[in-house]
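Below: one structure, written as structure tokens.
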Amino acid sequence: MRVVLTGFEPFGGDGTNPSWDAVRLVAEQYAAAGSPGGYELVVAELPCEFGRSLDVLRELVGTHAPDVVVCVGQAGGRTGVTPERVAVNLDDARIPDNAGDQPIDVPVVEGGPTAYFGTLPVKACVEALHEADIPASVSHTAGTFVCNHVFYGLMHLAATEFPQLRGGFVHVPYAPGQGHEDAPSLPVETTARALSLIIHTTVTRTTDLHTTAGALH
Amino acid sequence: MRVVLTGFEPFGGDGTNPSWDAVRLVAEQYAAAGSPGGYELVVAELPCEFGRSLDVLRELVGTHAPDVVVCVGQAGGRTGVTPERVAVNLDDARIPDNAGDQPIDVPVVEGGPTAYFGTLPVKACVEALHEADIPASVSHTAGTFVCNHVFYGLMHLAATEFPQLRGGFVHVPYAPGQGHEDAPSLPVETTARALSLIIHTTVTRTTDLHTTAGALH
Amino acid sequence: MRVVLTGFEPFGGDGTNPSWDAVRLVAEQYAAAGSPGGYELVVAELPCEFGRSLDVLRELVGTHAPDVVVCVGQAGGRTGVTPERVAVNLDDARIPDNAGDQPIDVPVVEGGPTAYFGTLPVKACVEALHEADIPASVSHTAGTFVCNHVFYGLMHLAATEFPQLRGGFVHVPYAPGQGHEDAPSLPVETTARALSLIIHTTVTRTTDLHTTAGALH
Amino acid sequence: MRVVLTGFEPFGGDGTNPSWDAVRLVAEQYAAAGSPGGYELVVAELPCEFGRSLDVLRELVGTHAPDVVVCVGQAGGRTGVTPERVAVNLDDARIPDNAGDQPIDVPVVEGGPTAYFGTLPVKACVEALHEADIPASVSHTAGTFVCNHVFYGLMHLAATEFPQLRGGFVHVPYAPGQGHEDAPSLPVETTARALSLIIHTTVTRTTDLHTTAGALH
């Protein structure tokens, strides 16, 4: 089995992005441990650009033919690790991306469906994180910036060209040293442990739990 | 022009629901002022039940043939009035509804599309609230409880049976006296003023602003 | 009876400060209503400077010989109007003040007591705000910036030179249009109504309620 | 050198209290590592009772004659580990303690000073936590419940009977599995690591850093 795990480069004036810092750490630890999960792990850093991010992702999928793709991004202000449940066909950028583009009310894919559900076992993943004492919950919005753009693009790829591919998106909190001192944060090491558990959960089960992970609003 | 505005009954152990308190106040103030907006306003309280809420909504739409429907619900913990942009075809109840039902991972409408966008001019509404010094932003998730259920059901009605109907959902914060003292809240009077402005904005314009109201996550 | 009510000028890069905007509105409304409370109201804008703020305050107290002094400042991120209970003899500035000074671990008054309690009926004030449907709670820290500096200086003045003077500090949330869109906020008009109620409560009673307004942490 | 480190028993309906869970883990890890810091570590669980908590603390101090005392308590809703800077001479209990007592507006020590500053190097501690990628900040209020009661009582003991004793209080966030799913939390293991670093920092230095750790409000 082959797993592609991506993080993002920094954006919005920050010097680091904990999504990529954590993804890189996952790869280091997995290699150092001798790939104990039995799957091949490919990691990559995506540009925080509406234009190029999906080009890079498509090339990763084409090159590696992964069984599972997990894209990871930063969600500043969230208190835990949050697997996303739904991607929306909407770009609405509050700030310019790293290439200076700021699309407003444009679909990710012209003519695509309004939304896709991700296909990771998000409830089983959250349960695994809770058992490991890591704050986590299912999220029902990935926003309307590059993260949602990549998530929608990934699920559209799976829906149209790679039907065997299971994929999803995970948002992670700030890291402590990142300069957002009033906001919640998690050590990068904890976030990396969470991502490893999400991959492990995904490769070892194909169905999700039938428990509630709903949001009242 | 005819407008239907709904709020919800209390749920989750609360004694009041600011959505209905505010909707009722909107109706009182509009009637007392002699219906100055030139539209007919019908208000109703929806049951906080997956089963009956859409029955009641459908009957309201069938009876009154409204041009605009705005459903309002409480979003405890939010800091402002938040018009919703997207409804998802998913019921996942964290707690039982007022009839004791707790659907998990069930579609609102079997075979319906994954999501609908609302058709209110949400950005123009938020701008009108900001001009009135009321905290507001566009939201991209209405959750997976009865609020999202009603929103999705409303947009499905519009898509399948009432093509002229414009509709949407607005989440409102707690009220100060409601017993959630650590959470953000708004006076019911302020929330009512916000809803009046949302209706006024909706009936006086048919297109939305082309400004960003996006979320980074 | 004479009441001095102060707000602060903007600081930290903001273009406005809701504390002064609300104080000014209180004065306008009180004058327009013909001073219905029977007290004389003097308002002033304090500089957001460690050095000059207490000079200005001392001159206000010397000139007007007020019975009550209420100083008001902005507490960005708070969800309601928060009368402060305790002032601490500590300046520790996270950012420079408007004069460029940034004292670190310096007492407000060399040799002064570690802290003073304010002498407003803070619990009765919070109850009055709750009855008016305005979010409010008692706070037990005014921070270590210019707000706490002024609060401590005021209580030290009362303790050492003006024993008849009753005084205190009230922190207020951001206003909606201020540029902190993810933070809680209150309309300036609501904040002004709150300040009017706090003055009214203070001038019409001399003892506080015996109810809890405590914080678990 | 001898260090006393205390946590609290659960309160407010919770089944666990991460302060004690983390303190116990610190002791286990320190013993398992062969007491590498060269100090003797004594840990104890304090009752969450206004009446008995200080009796137990006084007995611990009398029995063990510690050089350093660090009391730890839970601060539900905080996003990081927060060494406290100031204890206030005020009990104002929002809820009854575990013995059913609910003091309102009573001093911790009749006739004591309004407040004490703690004597841990709180800024150096926070810096050590940041270097370890753990979210942390200095807090300027320990509330008015049993935590502040114990903190004030400890500093009063030091001021009146044990002048060599250095002491302070540290508030810690919820743990992930504790049942407050919408609130920030930290793994107990991370909190334990933080407490170990706070003890290490305190026993290896006697003066604090001269850097700002101030709060704007």
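By letter and in written order, the chains are A, B, C and D; residue numbering begins at 1 in each of them.
Quick note on the criterion: a contact is a pair of C-beta atoms (placed from the backbone, for glycine too) under 8 Å apart; a residue touches a chain by one contact, two chains touch by 3 or more.
All values reported here derive from a predicted model rather than from experimental measurement.
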Could you work out which pair in A-B, B-C or C-D copies the interface of A-D, where over half of the contact pairs coincide by residue number? B-C
Separation of the C-alpha centres, chain A versus chain B, in whole Å, is 30
What whole-number Å value describes the gap between the mean CA coordinates of chain B and chain C? 37
Taking each chain's mean CA coordinate, chain A and chain C are separated, in whole Å, by 45
Could you tell me which residues belong to chain A and also touch two or more other chains? 77, 182
Topology of the chain contact graph, where touching chains are joined (line, ring, star, complete, other): ring
If we count contacts the way the header does, which residues on chain B are in touch with chain C in the complex? 79-80, 129-130, 132-137, 175-177, 181-190
In the complex, go through chain A and note every residue touching chain B. 12, 73-78, 85-86, 88, 90-95, 102, 104-105, 113-117, 139-145, 147, 171, 208, 210-217
